[in-house]
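The following pair of complexes shares a single chain, chain A, combined with chain B in the former and chain C in the latter.
Let's turn to the complex of A and B:
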């Protein structure tokens, strides 16, 4: 069994309540942190090597060290619980079943940042989780872990939960801040970064739920203990949200460094494929990351075992690798149509583009439309080049990474599954039904399209 | 598109006002606008799940901001409805992992059963089927959202049951 740091208490009956959480050792990290200097807490988190669990993987301790403490302005910690990346549902699991872990992490982390007013920004669709957190926060106030003079330390902290209302873009940290200010979720131009000018122009740190939930363990034990788990710069444990055509979809905590093959096939995790249909493709880190074809899932292009680490999943760059991202792990068997799936993602990004930058606003619409016509038997030979051209003109040309996130899945699908696009264009009568590969998987008809190089 | 002007009876009850004041208290006194999205949720829930222009104006007044500041938020976020909607809005997640688990067939089934198209309330105003983007329940697919709650691992039988429960009013809708 892999070591559990975040989920070790998840099955304790009643762990959702304050009493049980506290009896199980909860809030110990706050007691400890109140006796430490903020610098020492930040140092411990730096030593742990904990990297942002929302997708970007930026070191948490380093992000904390950028917060402006010199200006004397109020500081804020904002937890990003806007979890909306397709394939990702891990933060919801943590907040729903062990809400006090996040609240404890928020307090301990706010102490480090010397913040006196912090927020958890949760997506509006998780309304019952919003209510769960509201109740848990009330319990924490009643027990003296929030409010004025926490545990007689002289430190004051107010913590509130704030809900969004259906916008993927608010997971981008500056859009999230805009939304928290009661505005549309349009990302801000950077610099200035939130660490200098964030919520209400005050210095602000935005961290993912899972990142903050890892802080109590690091403070209770040590940064070095955390760094001892994992491989290289992929330290600690990670929650993986597994979905798609596997036997046991769900949220799993893994020690970074286990192999992808073990994760998919072991009974401890996904339990193998859903049926006896073969593995066709994998999106390992949420819809934004490049899709991997079967031959690049268990092994890298060099023939090394592919591991569940930031480095191994990105081995080979975008040519033959992908990214760990948010840990949104979507497994596809041979019933999946890559063209249809890429269209599905393109529709998502088109719907979620905030409309601020022209390449993204217009380009995501073009991607969706062109993919739709290919999928529906009205594609043209030149459409594949057109898709390539559109995605290349979005990537890198927008204020925030949503444009990149819309481009990468399209580029990877064409890179690895070009023959499938050609098949759609050349044999429209064979793809009339949306489940066209259920009865006749692509491998059976691949010979109809001549192999070509990109 | 035809432009309708839908009217709505506005009723800010004492209980709703108390909840609004509680939400406003979560932000600094000079940052009342920050409460806008949580307040709009509460107000919408108390008004048949939609927000008329008049109701949006009322929210602007309560938060001491300009009406345009409310309109631009209401039009940006998909959870705010600007027209009357079916009482029981069945919002199916239609993003990739749910499609892998057959949500498209279930949406077709539900629309046929209710004899409606997508985003088209039933004649009695009781139901509306919508396709929405990823709801963060990929491991429990296929699924739909109804009010504050998720209904997961859906099958045709579960949808039949859910629709029956809605008809008899035997369903928890909001977590209040």
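Let's turn to the complex of A and C:
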């Protein structure tokens, strides 16, 4: 059994309520943190090596130490609960079943940042989770963990949950801040970074739900204990939202460093493939990371075991690797059509682009239209090159990472599954049926697009 | 601070952006800018036309910046080295952005009032391709009435959001903004035909394309058939400078705009009274012809230069050919009192 940090108490009946959570040792980290100096807490988090769980994997302690404390402006901690990445649903699970863990983490982290006003920004689609959190916050206020003079320490903290209107872009930290200020959710130009000028031009730290929820354990135990779990710079545990053609889809907490093979096949986690159809592809970290073909899933390009760590999953760069991202683990068997899947992702990014900067606004729509044509048998041979060209022109030229997120899956799909695109273009009558690979998996027709030598 | 752009060195003050430094140098190194407007705060960074490559961050930290940066919002650092036109990557990126801007832009320059003074035309002339790779249907919007003086063509809009900043910074309250998102983001008003502020007309001047045009000038003339003159009047509207360019056709003032500099930015904003209601020559004190940059199409109508006499050799050529051709072409032989069926027009 892997070590559980976040989901340790998840099966305790009634853990949603304050009484049960407190009885199980909840809010101990707040008591401890109130006796520590903010610098000591930040130092502890730095030692732990905890990395941001929202996708980019930036060390949390480092992010906290960048916050501008000299200016004397009020500081804010904002929790990014706008979990919108297709394939990722870990934060929802955490907030829905053990809301007090997040609130405890928010209080402890706010103490470290000396913030007196903190926010949880939750996406509009999670309305019932929003209500769960509101109830939990009310309980925490009643028990004296929030408000003025927390537990007689002289420290004040107000915590609010803010519900967005349902936009993927508001998961980008500066767009989130804009939205929280009541404006249109457009990403800001950086610099200035939020650590200098964020919410209402005050120094702000934005962290993912899971990152903040890991802080209480680190304070209760120690940073070194947390760092002892995992391998190298990937420390601690990570929630993985497993979905796709596996026996047991769901949210799993893993110790970073287990192998991908173990994660997919062991009964403790995914439980193997759903049917006896072979594994075809894997998206290891949510829709925006590059897709991996079967031969690169269990082994990296140079033959090492592929592990569930930030480093191992990105081994080989984008040519043969991917990213851990936010942990949206999507497994495909050979019934899946990569072109259709890529189109579906492209459709999502087209719908979610904010429309502020040109390459993303126009490019995502173009990608979607071309992919739609290929998937529906109206593709042209040159469309594959066109897709490659469009994605390369979006990537890196946009204000925020949404443009990159839209182009990476397209690039990876073409890089690893080019034959499948060619098959779609050359045999339009064969792919008219939506389930075209169910009865005739691509491996059976691969010879049709193989280069012919006379 | 010392900045080098494409090998040209220049001393600038702290806080200057790369684009401003490039504009001080002038000439080829100036990156195109579709959304940045120096007279409006908070513009820039959106269109990505002005991307440049920073090959040396500063003297203190010489590492190059990995990504291309938007020059209009990136501040200069001491010792910074920037490649604008000289960089392959930058020209590629500009071409890409131009292509992106054009894929959903209608090809209606022949009927667009902005043609001739359009930044997107200039951009695509410089960086665009003659062919398109976009075979899909273009995105379109329903026509919409945003006010009695300003015509909105949403299909032409490139969402630079300059007009939003005009409304934000020049008018008391903003009644229009960006609705929806992605490629369906549109400039619109909450209440139909709501734009009536006295300074709202400046939206037309700041619009880099033909998305916002003057309804009082609509379809009146191509801009290059007009003769622009600097003019001024004593304007009583608070905040209006009264200094304008009047666009004349014969003795008729067809259009009044603010005076635009070489970067197509207005020198000072004007009020709607000057723009729409003062169309008599007697309203204005004409100062003299307005000069435009060398390559502007408006100069084809250049009356400051002596024109060559046009010689038509047709007459002579026809004489050497068949007689019936002469009948068809030569104006002298046409009887203007004759109807098409041969009967004479009644006097």
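As a convention for this text, the second predicted complex is superposed on the first by the 450 of 454 C-alpha atoms of A that agree within 3 Å, B and C clash if a C-alpha of one lies under 4 Å from a C-alpha of the other, contacts with A are read in each partner's own complex, and residues count from 1 in each chain.
Everything that follows uses one rule, which is that a residue touches a chain if its C-beta (ideal position, glycine included) is under 8 Å from a C-beta of that chain, and two chains touch if they have at least 3 such contacts.
None of these values were measured; they are calculated from a predicted model.
Enquirer: Going by the touch definition up top, name the partner, chain B or chain C, that contacts more of chain A.
Expert: If we count touched residues of chain A for both partners, the winner is B.
Enquirer: Between chain B and chain C, whom does A:398 touch in the aligned arrangement: first, second, both, or neither?
Expert: second
Enquirer: One more residue to check, A:363. First (chain B), second (chain C), both or neither?
Expert: So A:363 only meets chain C here.
Enquirer: State whether A:167 touches chain B only (first), chain C only (second), both chains, or neither.
Expert: Both: A:167 reaches chain B and chain C.
Enquirer: Is A:233 contacted by the first partner chain B, the second partner chain C, both or neither?
Expert: Neither partner.
Enquirer: Tell me which partner A:351 touches in the superposition: chain B (first), chain C (second), both or neither.
Expert: Both partners, chain B and chain C.
Enquirer: Contacts for A:73 in the overlay, against chain B (first) and chain C (second): which applies, first, second, both or neither?
Expert: Neither: A:73 stays clear of chain B and chain C.
Enquirer: Quick check on the superposed pair: does A:183 touch chain B, chain C, both, or neither? Answer first, second, both or neither.
Expert: first
Enquirer: Which of the two partners, first being chain B and second being chain C, lies in contact with A:135: first, second, both, or neither?
Expert: neither
Enquirer: Jot down the residues of chain A that show up as touching in both complexes, chain B in one and chain C in the other.
Expert: Overlap of chain B and chain C footprints on chain A: residues 167, 184, 351-352, 354.
Enquirer: Across the complex, what residues on chain C touch chain A?
Expert: 44-49, 51, 67-68, 70, 73, 92-93, 96-97, 99-101, 103-104, 133-134, 136, 139, 158-159, 161, 177-178, 180-185
Enquirer: Show which residues of chain A lie in contact with chain B when the two form their complex.
Expert: 83-89, 91-92, 117, 123-128, 131, 160, 162-168, 179-185, 200, 241-245, 249-251, 283, 287, 328, 330, 332, 335-336, 340-341, 344-345, 347-348, 351-352, 354, 434
Enquirer: Quick check: in the complex, which residue numbers of chain A touch chain C?
Expert: Spelled out, the residues of chain A in touch with chain C are 167, 169, 184, 189, 350-359, 361-366, 369-370, 373, 386, 389, 393, 396-399.
Enquirer: Using the touch rule from the top, collect the residues of chain B that touch chain A in their complex.
Expert: The touching residues are 26-28, 31, 33-38, 40-41, 63, 65, 69, 72-73, 76-80, 94-97, 99-101, 104, 132-141, 145, 148-150, 175.
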